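Data block below; observations after.
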Amino acid sequence: MISKAYEGSVDYMQILDEKGNADESLIPKELDGQKIVSMYKFMSFARALDAKVLSLQRQGRAVTYAPLIGEEATQIGSAMAMGEHDLFVPNFRQHGVYLVRGLPLDTFMLYWKGYEEGNRDIAKIGGFPYNVPVATQMPHATGVAFAQKYRGTGASVVAYVGDGGTSEGDFYEGINFAGALGVPLVVIIENNGWAISEPRNRQTKAQTLAQKAIAAGIAGIQVDGNDVFAVYKATRDAIANSKNGPTIIECVTYRMSMHTTADDPAKYRSDADVEAWKSKDPIARLKSYLVRKGLWNEALENAMAADQLKKIDEAVEKAEAFVPDPKNMFETVYSYMPQTLKEEEDAAVAADYWKGE
Amino acid sequence: MKEIRFVDVGEGITEGHLIKWLVKDGDTVKEDQSVAQVETDKAVVNVPAPISGMIKEVAKEDSILHLGDVVAAIGAADEINGYKPGAAQPPVGIKMTTTAKKTEIAPLRPAAQKPKEAIATPSVRKLAHDLGVDISRITGTGPNGRIMENDVRAAAGGAVKQAAPAQKFSEALEEKHDDKIERVPMSMTRKAIARNMEESWKIPRATHMDLINATELWNMVIKEKPKMKEKDVHLTFLPFVIKALVEGLKENQHFNASYDHETNEIIVKKYYNIGLAAESGDGLKVVVIKDAERRSIVQIAKEIEALHKKIADKTITIDEMRDTTITITNIGSLGGGFLAVPMINPPDVAIVGIMSIRDWVFADNGKMTVGKVLPFTITFDHRVVDGAEAVKLGNAIKGYLEDPDFLEML
Amino acid sequence: MMMNMVSALNSALDTIMQENKNAVILGEDVGKDGGVFRVTDGLYSKYGERRVIDTPLAESGIIGTSIGMALSGLRPIAECQFAGFMLLGFSQLINHAARYRTRTRGTMKLPMIVRTPVSGGVKTLEHHSDSPEAYYAHIGGLIVVEPSTPYDAKGLMIKAAHMDDPVIFLEPTKLYRLFKQEVPEKSYEVEIGKAEIVHPGDGLSIITWGTMVQTVKNSVEKMGVDAEIIDLRTINPMDEETIIKSVKKTGRAMIVHEASLSFGAGAEVAARIAEKAIFELSAPVLRVASPSLPYPYPGYENFYIPNEKKVMEAIDKIMKE
């Protein structure tokens, strides 16, 4: 006898299509006009900030940077679905999430200027610093979520990982632990189609990344990652359900720019590939939705852009005034200062050879 | 006005190729607008304007840019018109301060005078340095020509004398007798003994001396010896002395003790671990007969032999050499002497010295008899016990060893 | 109470779980089974599955999850079953545990302990006998502890649980049941970052740790040599002061460890002696360690691990210098 040992499927959700038409029945009720405008502003802000850091890097005023352009709906939609007490664990591209959660801009800039002081206030916004080794943040997120359950805080945890990250052992270990321990975790797979030069189909034979949830015995859904409503709804529903266990949300989006400023996509993908995704732009489609609803116009657009640029410039100025102190790195390694390290610190402080310019 | 310089736009880029200008010389551009396209080893990148203003192109299209090269200048029209490009600057971030002091490093000595290689340990090199001696000129007397401490001191010669007003006695001797003096390093055992004896010397002590009529004992050992030999046991007088001492200690417990000078207490021990001072190849060692009160004469005899063998074989463990409650030193076994006053083995309270058994004329009620005598001494910590108690312990030992009944019992 | 190292560690964990409601134990087989060496024996029945957690079989997951727990107010004590398997979690330790505090400039802390059995001599399978202290000590940010006695094991474990640092706790399997010692049943701390002079002496300093402490002690006692034996106890941060003070006194230094020779922690000790006490040395610094190759299958372990004879020959050599 042969019978089905397991039967499963993965749903796909889209609410706002490429032309800006929405399936209103699926838009969550709390998303009123004001909140949708706020979503739009955050998405625009994220893109403006992105362009600025890229420019600063090209001028030698910022470190190697990972641009987010094209992925705004995935980041803003999921971040806005979080409650104030919910926590998030990013990888290295979730600049939009930090913006929504209220990280001071100059703190953000400080990080991209190459100073860890930019991570100093992350805990205050319910988040964690960027995690550069791909997918290593996944078990952390599971542990953070376990602690919420253990301590009964009621908070959920939203973790971010890329399409390439789903190939890592830590991705599977993270979701598998989360399922086995039954913790309140939501995993956003920010599937932007590329892991540097490797397209999504080089990562796995699996038809969707969301179906990896099935292996861990947890919930999974795929959504249009350029549709801020779909991302918002999927995240909000997963958080609401998180006391019953984890959910994976695969957001299908597209990396419109380079992996980082050290990368040149022209070497491995054609302009036509990118062009095809321009018509699916998450900001453009939300804008046409808002304009059609009479919630947005060019005057508002110009005023917003000017305001955002001013804020960014002020933040850059503040961050560039920062003076690093070698003591900061020595004195925050251990809970006490070992004598041997103190000697190294004293030598570093006394020396002047490390001082640039 | 600002200069746009070529910076590291990738990760570790040092040069780039200016492919083309994206604006014309004299154009007005906005902040962050791309002005030129540069190709590096890693990517083709756009160079943005750091501020808004008029652009003055400096680098030529299709030219190679190095880090720090000026690509263009940007600013107000009047500034730009009067602008003259300066020299290339090192890249941002690794620029050295121009005021940094340069350290002149002079060659240590002219190459022609390269000295022969000196073999010496760092401590000897330091000594040479401290004494102002050029170590390369010293001939070493150690193994493989190694320069020893003595060689350096010798080379330092008179200079040392002047430098050190209070000359050490050893140095004075060396100076006077030169090669008739040899410095012999102390072995680890010797050093340990030295330290132990310095400790012992701090004990205020006194000695009680007496003679034991060992005639009966002698006869008995002579009689038993061959029988024991058949059983592979080497019987001596020592096990009997140990047994008599243990019995004596039971009646005079403060001798089987240690002194705690911090609390002014006597630590009385209810076990009898008898230390035996034994000569080894590299100095005096103390082996211990543990729990002697529970052992027979034969067992003790065997134990003594085993311990001496371990000393000879160097397989003795620290455990077999410590935790004494009192010590016996058998001076007689060394073959000479009449009476000796040994040093106490801290933290013991007392040490018993026994001499060789020899013929002796005993005067008893006006009659002379010839027998065997065993002279002994008890040296004791006078903080803990007094002379009267020592006499009492001495008499007890004496009593047991002179009593045929006691000896029969063993 | 007389305890071996296993019971001392068990007592320490029990103490920590009692003292701190946010302490949890996690790992493979730590629950009902009480751990493969029984270090967590009885804790599952006492504290329940909420606090003594059998996890899926994945070391990176165990350590990574512990990091998340520690970041969120818990005090995880993770067990990795063997040092060789723990390397699957190496990325988590080096990339995250070591640097989390400093990269957030001290605003996020990792109060966590990762325990693992180390070193050989007990005829185990392959990959069960590594001595990994140097890798964890190298990066900075991880406290690396390795006790050699039941008393130290309990005191160091409790101290580790009272600190806000990630502590790698290395437990020599060979010493787990080798001997018993009087260990207080109550809570007590042994200072981390402080070596112990386990045998005073003036003629030679021997710096050692873990399984080799016993070997060195036996060798010194058999030879009756006037050596000062220093049990390092904490590999990182190292108690340089005690080492340098001793070497300046004795003028001779020898380092004995079970981990392989090249790039071992002994090289660090030797370098520090060279930097701070070279002019007091009467002889070159000598290292005694396993050969510079991977830990062999047990049929060869007698050729590999330094034994008393090897240590005694080295002592003889350095004393003749």
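Order as written gives the chain letters A, B and C; numbering starts at 1 within each chain.
Quick note on the criterion: a contact is a pair of C-beta atoms (placed from the backbone, for glycine too) under 8 Å apart; a residue touches a chain by one contact, two chains touch by 3 or more.
This is a predicted model, so every value here is computed, not measured.
Set against one another, B-C and A-C show the most C-beta pairs in contact at A-C. Comparing chain C-alpha centroids with the centroid of the full set of protein C-alpha atoms picks out C as the closest.
One simple way to say how far apart two chains are is to compare their mean CA positions; for subunit A and subunit B this gives 59 Å.
Measuring from the averaged C-alpha position of subunit B to that of subunit C gives a distance of 24 Å. Centroid to centroid, with C-alpha atoms defining each point, subunit A and subunit C lie 39 Å apart. Within the complex formed with subunit C, the residues of subunit B that make contact are 121-123, 125-126, 188-189, 191-192, 285, 314-319, 321.
Residues of subunit C touching subunit B in their complex: 202-203, 221-226, 251, 278-284, 319, 321.
Remark: subunit B residues 4-5, 7-11, 32, 42-48, 50, 91-95, 97, 100 touch subunit A in the complex. Residues 22, 24, 50, 53, 55-56, 58, 60-61, 63-74, 76, 88, 91-92, 95-96, 101-109, 140-141, 143, 163-165, 193, 237-238, 240-241, 272 of subunit C are the ones that touch subunit A when the two sit in their complex. Across the complex, subunit B is touched by residues 51-52, 55, 57-61, 64, 258, 261-264, 266-267, 352-353, 355-357 of subunit A.
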